[in-house]
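Encoded as structure tokens, here's the structure I'll be asking about.
Labels run A, B, C, D and E following the written order; every chain starts at residue 1.
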Amino acid sequence: MLLAKVIGSVVSTQKSPSLTGKKLLLIQWVNADGSLPAQDQIRTEIAVDSVGAGEGEIVLVTCGSSARRVFPEPNDAIDMAVVGIVDSVSQNLSA
Amino acid sequence: MLLAKVIGSVVSTQKSPSLTGKKLLLIQWVNADGSLPAQDQIRTEIAVDSVGAGEGEIVLVTCGSSARRVFPEPNDAIDMAVVGIVDSVSQNLSA
Amino acid sequence: MLLAKVIGSVVSTQKSPSLTGKKLLLIQWVNADGSLPAQDQIRTEIAVDSVGAGEGEIVLVTCGSSARRVFPEPNDAIDMAVVGIVDSVSQNLSA
Amino acid sequence: MLLAKVIGSVVSTQKSPSLTGKKLLLIQWVNADGSLPAQDQIRTEIAVDSVGAGEGEIVLVTCGSSARRVFPEPNDAIDMAVVGIVDSVSQNLSA
Amino acid sequence: MLLAKVIGSVVSTQKSPSLTGKKLLLIQWVNADGSLPAQDQIRTEIAVDSVGAGEGEIVLVTCGSSARRVFPEPNDAIDMAVVGIVDSVSQNLSA
């Protein structure tokens, strides 16, 4: 999984029926300390929320077929999901 | 999912039967504000349309096995699909 | 899918039985106009042919589990397939 | 699989039920000699532990649907798993 | 599939049962002529051998769920496999 920050949301009316009623979150990959990566490494993507995440929160993001399986069917169009809200990251700098 | 802009289309006569009758859209990844990424980050790909998207529109794109599942069988050759037309992106710059 | 140019082929005698009798094409990702990407973006990969593609042709390439499904079993070792020969790419530069 | 070093862990209370009771390890891709890649290649990700790995250890990491299958169900949200603790890496520099 | 060179191997005692008895090869992506890519493009990964490949050989590598399927069960932890030993690569420079 990747660490990301929720920075907004997306509205789409004309979309796959499997996305109806789901929250589409705009996310940005972040470093372990919550900071943004270098300018040329910034990536913004859209993940479907499964845990009630809100703007500004640091979250765990799952990709691929695993993201689809987090939701009951129909879930076909989903390839990225927010699967956790991060309380804390513990990094051992001498490890 | 990723945000992309539809910038054209591809014609292929000799192709997998699972692509017959499907619209092959030329897309380009874009930033949350619809702008192009830096020159060396530009990526152009081909996605199969599932929502009636047209040139110039900002769309949601799904990759991998989820893209295949958006279409009824036969859908074998599909690994990228346009699954939504974006109405608006709301980005909280202070988030 | 990605656009690529067929630039050669690979011979392998000792290989997965699921690759027996299949054509292994050397491909290189190309831009929408058929040109090569910047030097540091060039990627050469091996895709299994499913449409009778030949050297010099621009083709559509599918990755992952979808590539495997383009072929009847046994197809286990396949994660990249040429699924179409491109007749033309129409790009709307003002889109 | 990729080689990584365990550098910390993540705590998440509000998360997918399939992550309950699992250890979420903060990992960083490393080179074959255990050193970090160049600064702009550093990637930090979160992998679910399946082998009792601890901080400072060099581990094998599996991605995608294979990572999910390492765990008994429910395992839906998992797309990255630590599947081995590395005892030694033997690299033939003249190969 | 990708072209890689076998440059070593990895020993892991504490690992997923599905890796028991399998050879874990250290590989490095190479160009079509067997040369290494530019320094900042070098990637070293671990692939499970399925064809009896040895150090110094150029091999075909498959990723994702296809890699898992090359082996009989149990094969859960595998996401990268050596599926062929390359005899020759024919590249048409004028193509």
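Methods note: a contact is a pair of C-beta atoms (placed from the backbone, for glycine too) under 8 Å apart; a residue touches a chain by one contact, two chains touch by 3 or more.
The chain lineup, named per UniProt: A, B, C, D, E = Ethanolamine utilization protein EutN.
The model shown is predicted, which means the values in this text are computed figures rather than measured ones.
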| item | value |
| --- | --- |
| Chains contacting each of subunit D and subunit E, listed by label | none |
| Distance between chain centroids, defined by C-alpha means - subunit B, subunit D (Å) | 31 |
| Subunit A-subunit B separation of Cα centroids, rounded to whole Å | 19 |
| Per-residue multi-chain contacts in subunit E, two or more chains | 40, 64-65, 67 |
| Chain contact graph, described as a line, ring, star, complete graph or other shape | ring |
| Cyclic ordering of chains (reference subunit C, direction subunit E) | C, E, D, A, B |
| Residue ranges of subunit B in contact with subunit C within the complex | 5-16, 18-19, 24, 26, 40, 44-47, 55-56, 64-65, 67-68, 76-80 |
| Subunit B to subunit A touching residues, read off their complex | 1-3, 31-32, 38, 40-41, 50-52, 60, 62-67, 69-70, 81, 83-93, 95 |
